[in-house]
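Input: one structure, supplied below.
Each chain gets a letter, A, B, C, D and E, in the order it is written, and its residues are counted from 1.
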Amino acid sequence: MNETQSPLLDVRNLEKVYHLNSGLLQRIARQPALNLRAVDKVSFSVNAGETLGLIGESGCGKSTLARTVLRLHEPTSGSITFDGRDITKLPHREMTALRRRMQIIFQDPYASLNPRKSVEEIVGLPLSLHRIAQRSEIRDRVVAMLESVGLKSSHLGRFPHQFSGGQRQRIGIARALILNPSFVVCDEPVSALDVSVQAQIIALLGSLKRELGLTYLFISHDIGVIGHVSDRIAVMYLGDIVEIGPARELLRAPQHPYTRALLSAVPQIDAGPKRERVKLSGDLPSPLAPPPGCKFHTRCPFAVERCRQETPALRKVAGQGMVACHLEQA
Amino acid sequence: SELRVGFTLDALTLDPANHRKRETETIIRNIYDGLLTRDAKMKVVSELAESWTQVDPLTYDFKIRKGVTFHDGSAMTADDIVFTFERLTKDGAMGGQTSPRKDLVGPVKAISKVDDQTVRFTLSEPWPILPAMLPVQEVVSKAFTEKVGSQGLATQTNGTGPFKLVEWRKGDSIILQRYDGYYGGATDIPPVGKACVDRAIFKIIPENASRVAALLAGEVDIINELPPYDMKKVEASANTKVMKVNGTRTFFVALNNTKKPFDDVRVRKAANMAVNKALIIEKVLLGTAEPLNGVMSPDAFGYNPNLPAYPFDPEGAKKLLTEAGYPNGVDVTLDTEGAFKEMVEAVAAMLTKANIRAKVNVVEGSTLRAKWLPTSEKTGDMYFTSWGNGSLDPADIFVPTLRTGDRGNSAFYSNKEVDALLDAANVELDQTKRADLYKKAQVIVNKDAPWMFLWLPQDIYGVSKRVSGWEPSADSRINLHDACVK
Amino acid sequence: MKPLALVGRIAQLVPVLLGVSVIVFVMMALTPGDPVEIMLADQQATPQQVQAMRHDMGLDRPALERFGVFLGNALTGNFGLSFFHRRPVAEVIAERLPATVELTLAALLLAIAISVPLGVVAAVKKNKLVDRLAALGSLFGISLPGFWFGIILIILFAVHLKLLPVSGRMEFACEVPAITTLVTIDSLLRGRPDCFANALSHLILPALTLALPMAAVLTRVQRAAMLEVLRSDYIVFAQAKGISRRRVLWRHALKNALVPTVTVAAIETGSLLGGNMVVETVFGWPGLGRLVVESIFVRNYPLVQAAVLFYAVTYVLLNFIADVLYTMLNPRVRL
Amino acid sequence: MHSTRSSVTEMSTPLLSIRGLKTCFPTRAGLVTAVDGVDLDVYPGECLGIVGESGSGKSVTFASVIGLVRSPGYVADGSMQFDGIDLRGLNADGWRTLRGRDIAMTMQDALTALNPALTVAEQIEEVLLAHATDLPRRGRRDAARARAIEMLRLVGIPAPDKRIDDYPHQFSGGMRQRIMIAIALSCRPKLLIADEPTTALDVTIQAQVLDLISDLRRELGMSVVLITHDLGIVAEHTDRVAVMYAGQIVEAGVTRELIDRPRHPYTRGLIGLIPRLSDLDAPIKPIEGQVPELIGLGGTCRFYDRCDFRASRCRTDIPMEAAGLDHQVRCVRVEESLQ
Amino acid sequence: MSIAVRVPVMTAERIETPTWQSLRRFAADRFSMVAAIVVLAFVLMAVLAPWLAPHDPYETDLLRRLQAPAWMEGGEWSYLLGCDALGRDILSRIIYGSQVSITIGLAVVLIATVIGTVLGLAAGYMRGWVDIGISRLVDILLGFPYLIFAIALMAMMGPGLQNIILALVYKEWVVPARVVRGEVLAAREMEYVEAARAVGAPRLHIMFREILPNILSPVIVVSTIRMAHVIILEASLSFLGIGVQPPTASWGSMVADGRAFILDAWWVCTFPGIAILFLVLSINVASQGLRDAFDPKFSD
């Protein structure tokens, strides 16, 4: 990774707040609107050609981050720069044009394909929307795309329900890649799949990346998967990135107590010597009322008074990674 | 003993001066008596008045009966009568409201107490039918009305009638009880005395079939508006019988005299000839109506029995149409209210066979009435309607329906000669002469055929054989004073 | 939180009521026909009398002004005088309301009494005879035209079998001073079992006519909800605990499966309250629905306006009650 | 069926013994044979892991054991002995006394397995009231409540006496899972069937719950069947393991031995495709193809289509064969494929 | 059409669209098929009324007033179900009456469904003020009892077929609108909608091309059920005397007219009542079949 090269995607202080119960009448009748800060001033960047893995517990804001970066949801504040261009406030029309270059693969292969459309329509839709290909060409390009994700041309007229989960995910990949994007968000693309099929999809995504020179933001809650696909890894906790760094370094020597707990809790198949378990107590706090200070302090075995009061910022520590923790060397 | 009447409609109010509904009056009339009343033959007789005299065309004196008490025991006085009629005639006399019955006492200008036993009515213009119109007004107690207020009178009663109110279950029933202090009622209508039954109940059953069923099941003893069709069954039952009386409501089809095709008298005559009245009366009304050739009931004052009938002659009708320039017949609409649908459909079918192709148009009464108002646009063709004549006096039916521009002239008929005759009759005090004037007018109208003359239906009642001493009356009142049950 | 929820409902009511008032008023203003003409039609009136009455009723004033007056008065709970009864509208409506409420409640209870057990049993015995019969029965139930079915019931039970009265609310011999204004309950409270029996016998046929279609809908809802609940994990888990079947069905399953039934019952009750004029007509039931329909025909605007406002309020209120019931049945739902 | 025993199970008779279990579901598409000829033994005190892909029949096998196969499914064949009782001969009453008391179960998703409309208190107490014979006659309810609170404390719910009257939705996912475990264990069953107790949970919580089950198993001396599709969990928490594929057990044995020396091509594939944190460079090798439909199978090895070692003789019904000490495999080419 | 199909697509697979599958499932359900055939038969009856009816439904003959059905005393085989109060053949009037019921049922439901679907889509997808506006309107209309609203509208507009249709549509659209809005609220959160946005699909495309096809089956199912309701509503209006114009026969008005003769000429109101029951029943059965076929999660 060349540090001097400007990143393909650069996110600064990105924040996404969902307003729950904000209807007019709710406001009259009920308590003040509930604000859910799903992503809390997050900054990171993704370099061209690399895969940034994003890991974290369910509900910590991974999907929200992914969707906000693509402006499928509008960010509350912060900036998103894509390929040197600030897209945070890009008008609708231009954003639509830009969508050709940034795509997303969804978690649920069942919900992300319109059940009433044939494969040809689903995969061909981006082409016809962007008026990229002539009608006659569309089919050829769809067939070519299908073949490169391991499907056959005979599948064109079929409907999603006629496919297995793994095949559906391939269709989703084909749809995302048919516009030749440079940046692809993979939002848990394998977690809904069977183990044996998971491996197929991961392998496919890997080879497509190599062939097409893609850049991935790869989201998963399975650290084994993240470890295998990522060049760098970011760890999220309740809307914050608490640690980010090169994959090997982070996995070998996690700095943040949460990362360490996470890694030590992953059941290992290998006999060998075990990592010492960092035992956490307590449950995930509600994202509606996150604890003050370091959000992890309620479960952190090492928490001190300062953690309860002061929110730690991401900072460089030994190596190339960054950690948000008050403890010098926990 | 208890007498139950299965009745079509609930009273709107129990205030005798604050409604304009026959059914309401029927109920109220058993609680309140009037100055005058009518016997079953529609003859006007005195009730709370002992007698009356016409002093001059504009003045009437009424002598008040002595010893009459209201249900609360207080005596009825001339003051009560003055109060009653002032309440009716003065604007805003009922707690700010004006009585909707005001025009039913016509040109009464003033009521005054002459002495304790005499009340004087002064008119602003001659109005020969005053006595005929007085039976529809009932006397209220001044003290009581002042006590409960006009609002209170809507649900509380204090009458002089044979029954007093026990309970009014709105929409369901009105329960009355004999008033033991009753003075006896009109002396001309025997028997005189207290009511025969202890209790009288009006049970409200709007649905025809249900009302008949209730009679047959013995749940009620008298029902009004017995559908002709059910007469057979009522007769067939061992416990019930049918009682009929000539009504006072004339049915006719108003033809738009101002618009093609009915602006041509030949077409109007053709219409009259197209309908087999006899068949409809026989089959649909099962003989319970009298065919008419003119405006008035055979029982009415000044009725002309010698009017020629238009024969049922579809071919003749077609011929007349051809003469009038309609060899292919005419297409017209026949407006009516839902209630008359069946009869109207029968009429329309017959007209159609005689080339007067009538399309039935069932519209709500209110809309229709507006459409056929003499002041309206006059767009309709034919209008199946009726006009009631409770007083059985032509002044109350002939004038409003056929005098040029009068309020009920839905045929938009206008004949100077007829107008002149009617105006003359209105101020004629000699009753024979007056009758003659009307008779002449009837002949003209018959010839002009502004309407399709139809019929005068009878009021039909189903009555339990337990009931004795009760007779239906032509003004559709149900007077329970004399009725007894075994 | 709960009082706040009620406040919310009331806030919700304001635009609804305003909208309803505007619609009724506009509709009435556009409807041809004149109440005075109708009122005086029976005993034909003179034009002067018509004019006087129009003035009396304020009908000679412009529509907008009348609407303003109506709104102003309505705010203070004064709906004016019923043109025909010449009495306050509120009073006239109040007189007819108890009959309607009683009939509606009876129909509701009857429908629930039929549908809940039937729906549960049908779900438990899915595809067995009971289930098939219940399905067929409810199909018939929702397909029955009420006015026709009422007539058939009358022929059968009143005319031929002479078991039940044809029409009305209670025998007049029964004088039961009002407490709740529901005669069945009043006669019990006043210690008149004979009157109670009598009132009940009047109530049965109309209530049945209304209840059957409702029961049909509720049975299907209850059955579907029950089936869904029976498929759920917590029922399997409850069975895995080895507790009695009765408990599994009537405690674990039914409490959850009642939720949709409650919603639908609330909606149906609302439409019953405002929609039974047909049955009221057939059975001569002295209820509000008939009065409102008659009032529309005779252009008794004040009464129609007030009644429709009343219906709108009940509608919102019923939904509120349903919501409260939800929270009792299902603590997940928060008001 | 001859089973060789490991040291763990030596000398004891099985608590649960399943032979030739076959469970079917009639569906629109045809008869689904979800479990087809499963033989299993669960020994007292052990933790048996069941692994397999989604749809391989893990849940249905144990739903059959507890008599709760969802309609229209039914047990078509086989025998099941539990602690000397023939489970297939039980009537409704028999089941009722057995379930919750001797065999208990937890379900995959605690949110849906706890009744949302009833308080936690009611849901625990009802098991105790149904089964616990040692509750005093008088004040049974109070005693049940006290014991319920105790159970909640045991599974680590803080302030259980305050929280017992809450509804399930008021607890977090991990707490719900623990509540469900508390319910299952409240009558100290001999066998706990834990069906994917942690799939809905995050790893850190998952670790807490699995540790809890292991601790309680040791404490109460019960047997546990741990159903999962995560070989890592199996490796860390079970004594023995059975691998299921398409309704059959394809390999069974002592956990460590089976993971270190998998014999069946499927098991080997399964282990090979697990991304290991310890060796990020080890490539993930996918098993190509998909799990077959469970309709009208038979007469052939079910892994045939996806197997790298398939041969014509695989197209027969393959029996389980012993492949070492307490290790059985359903493959005719074990020896060849291992080379 | 000279573009060569370069990729062979098997027709057998092509027609396996979800809709087609549902239709096949529907066809396999014998009970519902029978019901659907009965409904079709009613429709045919309406269309072919002039050829099917043994008599002119408007031909009055007072001599046949209330003539009994054929099998009863006084009956005649050429007047199979007897005659009404004006001597008109009841069978012929029932056959012609089906035109009214079916026209109104179809027209009301079609118009209401189109309006309701568009408004529901708009409310559910666009949210915000559009949603508030439409939802309030829906609330307001729901606050009106249905029949009273229709009666008042009929009083305003006057009688007639079109006016009945209008009077019923005025409130009927609320039902599909609510259903659609609810479905859209669920569907708009589906990932396939997000996916369409991710590839840059415009709003209208998403509403009408992505979401609409997916919510159509509940809409169709609800519409058929509502059709049954609407037919009964029309009959109720006619029964209350504000339906179609005479002499046009409507089943509801036939029951209303016949009610007067119920005590012994029971046939006058019984047969049209049975006709309503059967048509509505068949529609209900068929719609239940549709529901099972289109939405298997309902299939119980």
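The working rule: a residue touches a chain if its C-beta (ideal position, glycine included) is under 8 Å from a C-beta of that chain, and two chains touch if they have at least 3 such contacts.
The model shown is predicted, which means the values in this text are computed figures rather than measured ones.
Peer 1: Which chains are in contact with both chain D and chain E?
Peer 2: A, C
Peer 1: Trace the shortest sequence of touching chains from chain B to chain C and report its length in steps.
Peer 2: Minimum step count, chain B to chain C: 1.
Peer 1: More C-beta pairs touching across which pair, A-E or B-E?
Peer 2: Of A-E and B-E, more C-beta pairs in contact link A-E.
Peer 1: Could you work out which chain's C-alpha centre is the most distant one from the centre of chain D?
Peer 2: Chain centre farthest from chain D's centre: B.
Peer 1: Mind checking the centre-to-centre distance between chain A and chain B? Centres are C-alpha means, answer in whole Å.
Peer 2: Chain centroid spacing, chain A to chain B, equals 87 Å.
Peer 1: Return the distance between the CA-based centres of chain C and chain D, expressed in whole Å.
Peer 2: Using C-alpha averages as centres, the distance is 53 Å.
Peer 1: So, what's the distance in Å between the C-alpha centres of chain E and chain C?
Peer 2: 25
Peer 1: Name the residues of chain B that each touch 2 or more other chains.
Peer 2: Residue numbers touching two or more other chains: 207, 209, 213, 364, 367.
Peer 1: Quick one: which residues in chain E touch 2 or more of the other chains?
Peer 2: 155, 158, 259, 262-263
Peer 1: If I count partner chains per residue in chain D, which residues reach a count of at least 2?
Peer 2: none
Peer 1: State the interface residues of chain A toward chain E in the complex, per the touch definition above.
Peer 2: 24, 67, 70, 72, 96-97, 99-100, 103-104, 106-108, 111-118, 125-126, 129-130, 136, 139-140, 143, 153-154, 156-159, 161-162, 172, 175-176, 179
Peer 1: For chain C, which residues count as touching chain D in their complex?
Peer 2: Going through chain C, the ones touching chain D are 126, 231-234, 236-245, 247, 251-252, 255-256, 329-332.
Peer 1: Using the touch definition up top, name the residues of chain E that touch chain C in the complex.
Peer 2: Residue positions touching the partner: 136-137, 139-140, 142-148, 151-153, 155-156, 158, 228, 232, 235-236, 239-240, 252, 255-256, 259, 262-263, 266, 269-270, 272-273, 276-277, 280-281, 284-285, 288, 298, 300.
Peer 1: Per the contact definition, I'd like the list of chain B residues that touch chain E in the complex.
Peer 2: So the residues of chain B touching chain E come out as 207-209, 212-213, 216, 227, 229-230, 233, 279-280, 283-284, 338, 341-342, 344-346, 348-349, 359-364, 367.
Peer 1: Report the residues of chain A in contact with chain D in the complex, numbered from low to high.
Peer 2: 57-58, 164, 166, 194-200, 202-203, 221-225, 227-228, 247-248, 251, 261-272, 277, 279-281, 283-284, 299
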